[in-house]
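You will see subunit A twice below: alongside subunit B first, and alongside subunit C after that.
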Partner chain A sequence: MENITPQLYALLVFMIVGSIVAIETRNLLSAVISVAAVGFALSVAFLFLGAPDIAITQLVVEVLVLIILIRGTILLDNTAVESHRDTLAVVTSLIFFGLVLGFGAMIFGGRGFPEFGEPLMRVSRVYVHTGLPATYCANIVSSVILDFRAYDTMGEATVLFTSILGALALLRKDGKRKEEEVVAA
Partner chain B sequence: MNGMTLIVKTITDFVVGFIIVFGTYIVLYGHLTPGGGFAGGVIIACAFILLMLAHGKDVAFSKMPEKTAHILDSAGALMFLLIGWFGVTVGFFFMNTFGRGEAFRLLSSGMILPLNIAIAFKVGSSLFLVFSALAVFRRRSFRAMIEDELA
Partner chain C sequence: MTVYFMCIVLLTMGLYCLVAKKNIVKKILGIVIMDYAVNLYIIIVGYKTGGVAPIIEPNMPAATLERFVDPLTQALVLTSIVIGLGVLSLMVAMCIRLYEKHGTFDMSVISKLRG
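== the complex of A and B ==
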């Protein structure tokens, strides 16, 4: 396997720059497009890392979210945001960044980072070795999420179901009430 | 929402069928090649969303009525649960009791193929519903708000 670290670093720099642009820009549409650029770079990074399953899902979801967000921002009249820097928000994010760095140093400080491509969890080895004989499923990702961990996937489906039920109920009520008011008037 | 220009509408009519076929392929071959129920379901939802963007909501709802999308959404979740409970009849929850078949064949790996199909129904219809909720319902309420202000 050839060395892919330079490509990954280039993608990482691109994603960080894109995120900063998305936060700092004044125009909402530009922010949405910067977020989408970060997502597409992430999908390319997954391809480099040899995870085509995740790359496809990331790409497809990114396209859908981009359509929905652009649709949402175009409907607004004023897409420029005037934000003043909140001191509390800056201080809180700095504290959390420091906490993350501190915990990282606590955990990895003594023994150093694991080698690139060397997972921390040993359980994946079992899945890789018994995936094909136990399930006869050629795609190891499918065999993990739908056989070994199907219970987790059911929880995921339940979360999606409930959240969409809630979102539809909220949006629907608004639309219906407005319609009734118009009719009554 | 009357849709976009004639060029966009014509290209959409050409492309939508192929997108749905590709999404179905991603779903059905999820246990053999990269992909699966989630990605394939989103691709199929994208086909209907393209229809809605290009032709407007009336054409899209005539192809995939809101009620059908609701029923498919619930049916996908229920199908997932039923396949899980089917394992209880033999052993434990989500036990892979269906015939495993031969590896690298389409009909193999037991319950993974039906689970992929269930997830595709669920994800596809629910994402289509979310888009229609954001695009149609909100637009209607926006117009009502503007009319209220003008009145």
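== the complex of A and C ==
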């Protein structure tokens, strides 16, 4: 198998540049589309990293994210927020994010953490070796999601249902109070 | 190690966008970027050099099982991506509601209005 590190670096640089454009541009539509470009690069990175299921899911979710965000932005207000830039706040936050970056590099790049390309796989070895005999599923990721860790998937469905319910409750047209006001009037 | 560091750079940029920007849509975009960074980080932790996707094919030699990348991290990230979509839809719904009430996306104006 060939070495994928150069491709991965190229995609990561693309993602970082796309994020800078998304953060610093004044137009909201440009920012949303830049974030979508970052998401599609992420999908390609998943393909290189040997995760085709994740890549497909990321692609579908990315299109939905684009639709939802464009609905939330361009149909309402596409103008940038024109306000004076608070220099002290920006400098302070940049200093603290430098600290976050440094400590993150110390923790996740230091000793005791698995090197890139050498995962621990203490639990996953069992899944890989017993996946086919135990669940009759050729795709080990599917067997982990739907059989070994099915309770996780149930929790995911609960979270998804709750968030969609909350969004519907926020977006409904006629609330209860409005009806009472109409009756009172 | 540089790959990990670049993921943390992406996460920090999302955090900066979340904290320092005034526009609500920009804050949401910061959360989305942090989501991407964390998902990519977890997948990269589970990558094995020369690894192949964990899908068993017919007549596959048993040695290929040892070359599979970590399926557990992939399963967890699959869950995380879908939850990210749900949370994003909830955030955009709140954002649309705030715009209907206040007529602006600017965080400082909305906090002054005491709505």
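Operating definition for what follows: the second predicted complex is superposed on the first by the 137 of 185 C-alpha atoms of A that agree within 3 Å, B and C clash if a C-alpha of one lies under 4 Å from a C-alpha of the other, contacts with A are read in each partner's own complex, and residues count from 1 in each chain.
Definition applied: contacts are C-beta pairs under 8 Å (C-beta built on N, C-alpha and C of every residue); 3 or more make two chains touch, one makes a residue touch a chain.
Not measured: the values here are computed from a predicted model.
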item: Clash-or-fit label for the pair subunit B, subunit C on subunit A; value: fit
item: Touching partner for A:Val141 - first (subunit B), second (subunit C), both, neither; value: both
item: Between subunit B and subunit C, more extensive residue contact with subunit A; value: C
item: Touched partner set for A:Val63, first subunit B, second subunit C, both or neither; value: first
item: Subunit B versus subunit C as contact partner of A:Leu171, first or second or both or neither; value: both
item: Partner chain in contact with A:Val91 - subunit B first, subunit C second, else both or neither; value: neither
item: Partner chain(s) touched by A:Gly50 [first = subunit B, second = subunit C, both, neither]; value: second
item: Partner chain(s) touched by A:Ile74 [first = subunit B, second = subunit C, both, neither]; value: neither
item: Subunit B versus subunit C as contact partner of A:Met154, first or second or both or neither; value: first
item: First, second, both or neither for A:Ala10, with subunit B first and subunit C second; value: neither
item: CA minimum distance (subunit B, subunit C), superposed complexes, angstrom; value: 6
item: Subunit B/subunit C common contact set on subunit A; value: 52-53, 57, 61, 64, 68, 71-72, 132, 138-139, 141, 145, 153, 160, 164, 167-168, 171
item: Residues on subunit B engaged by subunit A in the complex (per definition of touch); value: 26, 30-36, 38-39, 42-43, 45-46, 49, 53, 73-74, 76-77, 80-81, 84, 93-94, 96, 100-104, 108-112, 115-116, 119, 122-123, 126-127, 129-131, 133-142, 144-145, 147-148, 151
item: Residue ranges of subunit A in contact with subunit B within the complex; value: 52-53, 55-57, 60-61, 63-64, 67-68, 71-72, 75, 132, 135-139, 141-143, 145-147, 150-151, 153-154, 157-158, 160-161, 164, 167-168, 171-172, 174-175, 178-179, 181-182, 185
item: Residues of subunit A touching subunit C in the complex; value: 1, 3, 5, 8-9, 12-13, 15-16, 19-20, 22-23, 28, 31-32, 35, 38-39, 42, 45-46, 49-54, 57-58, 61, 64-65, 68-69, 71-73, 76-77, 80-81, 83, 89-90, 93-94, 97, 100-101, 104-105, 108-109, 114-119, 121, 123-124, 127-129, 131-132, 138-141, 144-145, 149, 152-153, 156, 159-160, 162-164, 166-168, 170-171
item: Sites on subunit C touched by subunit A in the complex; value: 1-17, 19-23, 25-26, 28-30, 32-33, 36, 39-40, 43-57, 65, 67-79, 81-90, 92-97, 99, 104-106, 108
